[in-house]
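Note that the chains are named A, B, C and D in the order they appear, and that numbering of residues resets to 1 at the start of each chain.
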Amino acid sequence: MKVAFIGLGNMGGPMALNVGKAGHTLSVFDLSAEACRKYAAEGLSVADSAAAAVAGADAVVSMLPASRHVEALYLGEGGLMSQIAPGTLVIDSSTIAAATSRKLAEEGGKRGIAVIDAPVSGGTGGAVAGTLTFMVGGSEADLERARPLLEKMGANIFHAGGPGAGQTAKICNNMLLGVLMIGTSEAIALGVANGLDPKVLSEIMRRSSGGNWALEKYNPLPGVMETAPASKGYAGGFGTDLMLKDLGLAQENAAAVRAATPLGGLARNLYAAHSLAGHGGLDFSSVIKLVQPKSA
Amino acid sequence: MKVAFIGLGNMGGPMALNVGKAGHTLSVFDLSAEACRKYAAEGLSVADSAAAAVAGADAVVSMLPASRHVEALYLGEGGLMSQIAPGTLVIDSSTIAAATSRKLAEEGGKRGIAVIDAPVSGGTGGAVAGTLTFMVGGSEADLERARPLLEKMGANIFHAGGPGAGQTAKICNNMLLGVLMIGTSEAIALGVANGLDPKVLSEIMRRSSGGNWALEKYNPLPGVMETAPASKGYAGGFGTDLMLKDLGLAQENAAAVRAATPLGGLARNLYAAHSLAGHGGLDFSSVIKLVQPKSA
Amino acid sequence: MKVAFIGLGNMGGPMALNVGKAGHTLSVFDLSAEACRKYAAEGLSVADSAAAAVAGADAVVSMLPASRHVEALYLGEGGLMSQIAPGTLVIDSSTIAAATSRKLAEEGGKRGIAVIDAPVSGGTGGAVAGTLTFMVGGSEADLERARPLLEKMGANIFHAGGPGAGQTAKICNNMLLGVLMIGTSEAIALGVANGLDPKVLSEIMRRSSGGNWALEKYNPLPGVMETAPASKGYAGGFGTDLMLKDLGLAQENAAAVRAATPLGGLARNLYAAHSLAGHGGLDFSSVIKLVQPKSA
Amino acid sequence: MKVAFIGLGNMGGPMALNVGKAGHTLSVFDLSAEACRKYAAEGLSVADSAAAAVAGADAVVSMLPASRHVEALYLGEGGLMSQIAPGTLVIDSSTIAAATSRKLAEEGGKRGIAVIDAPVSGGTGGAVAGTLTFMVGGSEADLERARPLLEKMGANIFHAGGPGAGQTAKICNNMLLGVLMIGTSEAIALGVANGLDPKVLSEIMRRSSGGNWALEKYNPLPGVMETAPASKGYAGGFGTDLMLKDLGLAQENAAAVRAATPLGGLARNLYAAHSLAGHGGLDFSSVIKLVQPKSA
């Protein structure tokens, strides 16, 4: 199978490498010449343009930063939608507005191009290890076509529903994650302010009704969990500004459907304050700083 | 061992029965004559007063609604502290301000009475089944003295730290739980507003980084989880007004130690709005109504 | 001067009538045939299309519901930008995203068409009475050209800055207003819950450091201020769903510039909850219901 | 008239001086020997104890930091309630829990001592200048008895209602003020992030429906208003930690009466975060830093 891969950033690059290792004929492209050189050096075949990359491809995978990049790539004048052959499968793994994913699927539908939205979670570590989680929007049949490729890049594949549903599932999940992380940070900070041992308190809550993913895998207080970003200076992991972007998408979506998300909205604005304080590049669990005494 | 048990409400009554079944000589009391009659009918030996109940007791267990009741029972003029013999162990399982628990322990210390705070989670179901979780504040030695009794009433016993730490651990946990439940409700409601199947979305988030106790055990949307209060008209479980009380204690504590808990504070006020709307008697997971269209 | 007016809704219709009364040659249009009939009956000259309305116009005024309508009117294929003669002045009074206003101004700039954004506050009452407040974005010179027309429709004209600044000023103001109204509602409800007389409390706060527009002009509690919507069943005024839209625009803008607006974001989500509870059509001051006992 | 004044802190000291200047026979006391020396040097007659100060007084004024100090002064064993002669008027100007004020009034009632709660706003500047605002709880007759004294210390005297109503009115007002200040800060910061001139935006909002006390008297952005604390390095004024205390009292009160105050609760927690970040000693308008880029 011939595969085109567009977008070789921190996530897309390692994902493309995993597809390449699986023995597919792969043609890749990125607007950044530097990214192209980097992955050419890793042995990938770099095309001269996105259009050249998709020529003759059975499947196209894209991994771009935001809605406007996806619109520009596929839908603008001379966009890929007019270059890709009917019958091709397009897997867009970018995290973007659900409305944009639906527009893409609709446009594909008119031309006989199958489109699924397949945003991921799992971070750059998961991208390298091929253990990402995919949340897929589109028809079941198209997901089955995509599955062999997705399995090269990820360990969990969820079918969320029709076009755009992958995006919606992801922002719902990440909005909840943003809330969990701040809520967990507040509970730990409150305990510490009362003199409790944070390891003891974290373990009690983990095994009680406060139990959640942050307490299981990603404790925000340095020293509680050796492998967590908190214990490594909040390096690596999932950056504050990426969480901020996802929470912004959730609020954009909430506005579009008139949903009420008071904690999700507050989480977005607290991450924004945390970013304004200069912590945008740190792992998102560093948000605990917002509720800790400064010297801590 | 002779045990006195003060406070025979929805929680205290079944807890006392479990202590009684274990073969201890038990003397119980409640200010409500009706409660006394009810548990006399269940075979418990009802004393004429709290003072009479504790006479000659090796251990005293109390389960009262709020700080002021605990202060009145133990610390007022003629309070139990002046009635209980030195060497006795006092286990206060009421959920109250940590400061009150510390005052009780201090007062006990002056008189050679060992005091631990041991608030519970697990609801009336756990009280009846003897599967409560105890979060204990006090010395390790006193906790070990109490353990045989606690094991008659509960399945999990955590040592949170010194006097008052049981209270702090409980309000930290319940504050986090209050946040998790609203955050989970918002995420599900947002997905539903976008046309997602709530069962599918709940399962995706449960297995992803949004995973938390509410998604595991207590989904707030009717029909997703058969055994959850949501699927039984929000009956039983842990009432909105009890959650509201615990979140109020958390804010009182946060004010006392100058902690910042933005999501915890908002959760308290959203439960208050939910209660004002007439839902104080429903299970606390009914808070999802606040973010659902009215007809839903 | 020949003026075209596009958009004859609850706001646009009365605004067009005021322009007409001032003696300008006026050609109007709305996509709704009903609206066209209504204002034809009021004596306005209705064109067959937007393009026909703007033919030969010295100035074009538009008043549309949302960004997408403005984009469709001016920027789409065959949009007005390609129909309007160079040298014409365009005054867009719609409340839309600042980014859309800037795009419009830029597009106009390429074609020699002067564009200002001039969103209004003051509600339908102000539209009828010609007492609206205009917040204008664009060059000072273009504002001076527009001033005679704006003065027919409004009483206050503020120059907020360059293109889009009118929109930004309006959403900043309305975000603050949304916050003021809920904050004032909470303060009054808290006082009432403590047994205070709401008139006395409102007057104390109005004359103290809690003083704000809501306490001056628009008390949210029925009976405190006879002329306020609260005392008329929350009819008329500025609807909850319109406030919800503006607060959504503010959050969209905050996401775009990475600003932190915790109270503004919470206000948006509380209005959303209020709307979901079935109050979207009531005046926005009815949000006090969210913090009142149900029977109140 | 013989007046006793207890509590010579930053507020109480200047208030006592103003009473002294008015020609009353004044006997003052403070637990701090340093404060006593300072006001002895200013010419006030310092008593050896609170009990000595109130001996023979027609009126007692107190100005203490918190509920526990007021309880200790008046209600403890040997407290002033047992020292003050029947018929005396007690004016407690401390900002404390309404419940404590009511307890004091009740205790006074039993002994024929008239008690009013009369917390103030206006800051140390107002205390020195004698321009404080008093919010009074108690009977109208007792307020009239107090009025001549209050007029020596303040410019505005409001009767809020029965015992405790002064406290409630004050925390309602200050909760609203806390909300206004953050809301105003957010609106200005959002405008600035969009390139607006903060002076222009502030003026537009001040004259529109966003108008409030902060925009009138106390703009939080340095440089907008020369006389505001913001333009003096946030020195003087009303400190962040004092606002934090008042917002904590408001939440304590809301918990006691089961009121919902989502913005008020969030404001408390945002001030707490601001204080944790090291800004507790700055004027409360410095909370704008929380929503500004760090370098700003």
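Methods note: a contact is a pair of C-beta atoms (placed from the backbone, for glycine too) under 8 Å apart; a residue touches a chain by one contact, two chains touch by 3 or more.
Everything numeric here is computed off the predicted structure, so don't read it as measured data.
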So which chain is farthest from chain C, going by the mean of the CA atoms in each chain?
-> B
Over half of the interface residue numbers used by both chain A and chain B, so same, or under half, so different?
-> same
In whole angstrom, how far does the Cα centroid of chain A sit from the Cα centroid of chain B?
-> 39
Chain A to chain D, mean C-alpha position gap in Å, rounds to 50
Where chain A and chain C are represented by their mean Cα positions, the distance between them in whole Å | 37
Chain C: positions in contact with at least two other chains = 254, 258-262, 264, 266, 270, 273, 276, 290-291
Complex interface listing, chain A residues touching chain B = 98, 121, 133, 135, 156, 158-162, 164-165, 168-169, 171-177, 179-180, 182-184, 186-191, 193-197, 200-201, 203-205, 207-213, 216-218, 250, 253-254, 257-264, 266-267, 270, 290-291
Provide the residue numbers of chain B that touch chain D in the complex, in ascending order.
-> 244, 248, 251-252, 254-255, 258-262, 264-266, 268-270, 272-273, 275-276
Along chain A, where are the residues that touch chain D in the complex?
-> 262, 266, 273, 276-278, 290-294
